[in-house]
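The structures come next, written out as structure tokens.
Both complexes shown next keep chain A, but they swap its partner, so chain B is in the first and chain C is in the second.
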Partner chain A sequence: MERLAIVLLDSSNAVLVLMLVSLGLAIIFGLMNVINMAHGEFLMLGCYALLALTEAGLPFFLALALAPFIVAGIGLVAEELLIRRTYARLLDTILATWGLSLFLRQGMVLLYGPGSHAVAVPDVGSVDLFGTPYPVYRLIVMAISIVTIIATFYVFFRTRFGLAARAVIANRTMASCLGIDTRRLDRITFAFGSGLAGLAGAAMAPLISIDPNAGLGWMVPAFLSILVGGLGTISGPLAGAAGVGAVDSLTAAFTSPVWAQLVVFTAAILVIRLFPNGLVSRAKREA
Partner chain B sequence: MKLSSATLVGLVALIFFVVLPFIVSDWVAADFGIYFAYALFAVSLCFVWGHAGLLSLGHAVYFGIGAYAMSLVTLGMVPGLPELHSTWVGLAAAIVLSTVAAAVVGWFFFANRGLKGAFLGIVTVALAVIVERLAINSSYLGGMNGLMSVPPITLGLNGDGPEIYDPLPIYYIGLTLLAVAIAAMMRVSASRFGVSLAALRENELRLWTLGHDVAKLKIAAFALSGGLAGLAGAFFVVQFGFAAPSLIGFSLSADVLIWVALGGRNALIAAALGAVAVRFLESRLSNLMGATWPLVLGMVFMASVIFFPKGIFGELIDRLDRWRDRANG
Partner chain C sequence: MADRADGLVIEGLVAGYGGGIVLDGISLAIAPGEAVALLGRNGVGKTTLLKTIMGLIRPSAGAIYFAGKRIDRRAPFEIARAGIGYVPQGREVFPDLTVEENLFLGDLTAKNADAVYAHFPALAEKRREPGGRLSGGQQQQLAIGRTLMAKPRLLLLDEPSEGIQPSIVAEIGQILAGIVAATGMGLILVEQNLDMATRLCSRALFVDHGHVVGEEPTAALKADPRRVDPYLAL
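Presenting the complex of A and B:
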């Protein structure tokens, strides 16, 4: 029973972080029509940003708050120099961001070496949950994810900016005809999406080993999540991430991480093949 | 008869590579055998991506299947047939297995309402990760270490007879394989089937409306490309001497994508030259530049996507085309 509770908590943790990563990826894809193969690398940059800031002597939680903005800044630069020059060529965005991913990974190898680094988990103790001690930091990570996801929804569904953004997702040309500054939106979107990945990376940094390839393992699950969930909505990727993350972490807990990856990737490929529009948008259409 | 610019560049490149071993030392030539295997692999991806418009981001799967199949046969590891060591059977197994694998994958992805564009790309990446995992966890395939001491090409019927491991013969076998493969694939591209594939790339819906079996075309293109990748893998492993899980998964798939995109995906010869050029520069410059080389490669790659979307050799062929058009008035 206790073990089950721990497994479920860890699983929720994995799901929520994957949701953050997928959300950023989906917003960039939905709004800008850019397939960002470097999304995992922005997560990796989040880890390194946190590492750099804590090494510089900043308190952990201040570093955690600043890291996403640093990553968003890097995203802004990448958008300005690279991404905007490949718009309207969907498959070229794959190539360009693939190059970017190689560049960022190798950049970190040069700056921090190919080896792995670790950030100490901040000393916030543990609480008793369902009769077993559970680290508070993991609960904080979950809380950060939930708050960020809710904030993202608020921005998209309750603000003028969000209205413009949803208009661009629905019909880019029409939106720009109506006077929406799509160029400015693209910039903000890419920075915001990379910032979400950066936040996920910074929050996870104490829980994983930080190395230049840390982002690679997230890229495929995040893409599968948004394809499983369905494109064109904001809730689709969340549902997809819930499915992918839950299957992955639960299978990992009861068998082994290797099997988990095989099971979840195979299942995701099957779902994508059988429901090319995604599970969420399909449900909507039938309703 | 007027030769196309791609053919012209191909012939110049062929003459260059035929005389190259007379100019440089043997050990430089030895590296090129491996580069030609990679170039063959690049040609297979270029055909399915550049010509038929199907972006496969996990193409190393078929290269890896070819490499493992050749290794298993020549090492005598085929279940029930411990006496079998033949290079020729290995070659056949490599081509057949990779073709069948690509056909099955193609059937799964393309039959009925198939996957398109970016979806196909992502799903093929996931597939490559799965296959790499399976290879790492298979003790039959040697796990993480892979299959070691794979014998070189033997001319006898069952692993006997003279062995070919001198760099020069390997070099010319590789060059011949590559030249024949490019010429054959160019013929295929110009055939009725190839023209349908080009139409598929340009406008799938229109082709479908005209009554073509789109799924069948895609599966055939994928299978053909897979078989060629398998051949490349087999030719690679008889030189390299071992088959590791890294040949079958994500990183080689990413590498070949870069070679093809950098060389040029619109012409098979450009993709092949891209692979040879990148690998050659990599071996020269990684000693000199160390860890900065992948950084530079990433930057060059990004720049080429922005400034030369047709690839470097593709752009060259294009310019040559325009120049010849002008020269002919």
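Presenting the complex of A and C:
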């Protein structure tokens, strides 16, 4: 019983962080039609940003608050120098962002070496849940994810900025004809999406080993989440991440990570076969 | 350079899709507040002209001036903000957004859409419904209303009567005539429906092979509709 509770909590943790990663990826794809192969590297940059800030002597939680903004800034630079030159050419975005991911990984090898680093889990203790101690920090990570996801939805569905963003997702050309500055939205979107990955990375940094390949493991689940959940919505990736993350972490906990991969892929193929438009499908209306 | 008292001036515009040229050195001038109809057979470049004015197609030669400023090679959003509103063929309402959200996209800073609802009461009743659920005529009203939110000085209207039942066309024409008279907004209307063109516009330009090939006051066309025949005959 205790074991089940712990497994469920760990699983929720994995799901919520995967939601952050998938949400950033989906927003960038939805608004900009850019398939961002470097998204995992922005998560990895989040880990290193937290590492650098804590090594510089900043308190952990201040570093955690600043790291996403540093990653968002790097995203802004990448958008200006590279991404914006590939717009409207979907395949080129894959190639360009794949190149960016290699550049960022090798850059970190040069700066911090190929080995792994660790950040100490902040001393926030543990609480007794169902008779077993559970680390409070993991609960904090979950809370940060939930608050960020709610805030993202608030911005998208309750503000005029979000309205403009949804219009660009639905019909970019018409939105620009109505005076919406798509260039500015692109910049903000890419920075925001990168920042979400950076936040996920920084929050997970004390729980994983920080190395230049830290982002790789997130890419396949994040893409699967979007495919399973459905393109063109921002709630789709959340449903997808819930499914992919839960199946993955639960199967891994009760059997082994190898079985988990197998089960996740099989389940994803079944879902995509049965619901080609994703779980949260949106009827495509072409103009 | 630009004249016609700083309305819209187009000089020697060449534009097309890919390698094909559709507009072949077209020139025209429209005074502020003037309502002009573009008439001509299908495929002569009327829609291409509106898209090029709006910045959706990059001209390969020529220039477009609006309010004394050169606007070709600007992004569509900059052209929209300069005061040109565009209602495309097929309307392009956002089907998943509500009527009111569609309207606010015309002006993201607007507090309410009451001015547009006053012109189009049918939209006010459906403000919470998704745009995609409206009838064709209501969608056309929504597309026009959305553009009017930004209070454009020049409205580009591409075939507003297409696929809409005649009684609604007449109603939209009447509402538009009222708005043009009240606001002093200029209008370029691409239309197959001669009745709508003569009702709204004072001047008609005939387009063929990417040029303006003729011009008539719409009053003359109304008196003798056969005057359009030489331009529209195959």
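FYI, the second predicted complex is superposed on the first by the 278 of 287 C-alpha atoms of A that agree within 3 Å, B and C clash if a C-alpha of one lies under 4 Å from a C-alpha of the other, contacts with A are read in each partner's own complex, and residues count from 1 in each chain.
Operating definition for what follows: contacts are C-beta pairs under 8 Å (C-beta built on N, C-alpha and C of every residue); 3 or more make two chains touch, one makes a residue touch a chain.
These figures come from a predicted structure and were not determined experimentally.
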item	value
First (chain B), second (chain C), both or neither touched by A:96	first
Chain B versus chain C as contact partner of A:56, first or second or both or neither	neither
First, second, both or neither for A:170, with chain B first and chain C second	second
Partner chain(s) touched by A:223 [first = chain B, second = chain C, both, neither]	first
First, second, both or neither for A:88, with chain B first and chain C second	neither
Greater chain A contact set [chain C / chain B]	B
Touched partner set for A:268, first chain B, second chain C, both or neither	first
Of all residues in chain B, those that touch chain A in their complex	55, 57, 108-109, 113, 115, 117-119, 121-123, 125-127, 129-130, 133-134, 137, 250, 254, 257-258, 261, 291-292, 294-295, 297-299, 301-302, 305-306, 309
Residue ranges of chain A in contact with chain C within the complex	160-161, 163-164, 166-167, 170-171, 173-183, 282, 285, 287
Touching residues (chain side chain A, partner chain B) in the complex	35, 82, 85-86, 89-92, 94-96, 98-103, 105-107, 109-110, 114, 216, 220, 223-224, 227, 258, 261-262, 265-266, 268-269, 272-273, 276
Residue ranges of chain C touching chain A (in the complex, touch as defined)	54, 56, 75-77, 80-81, 86, 88, 90, 92, 94-97, 101, 104-109, 132, 146-147, 150
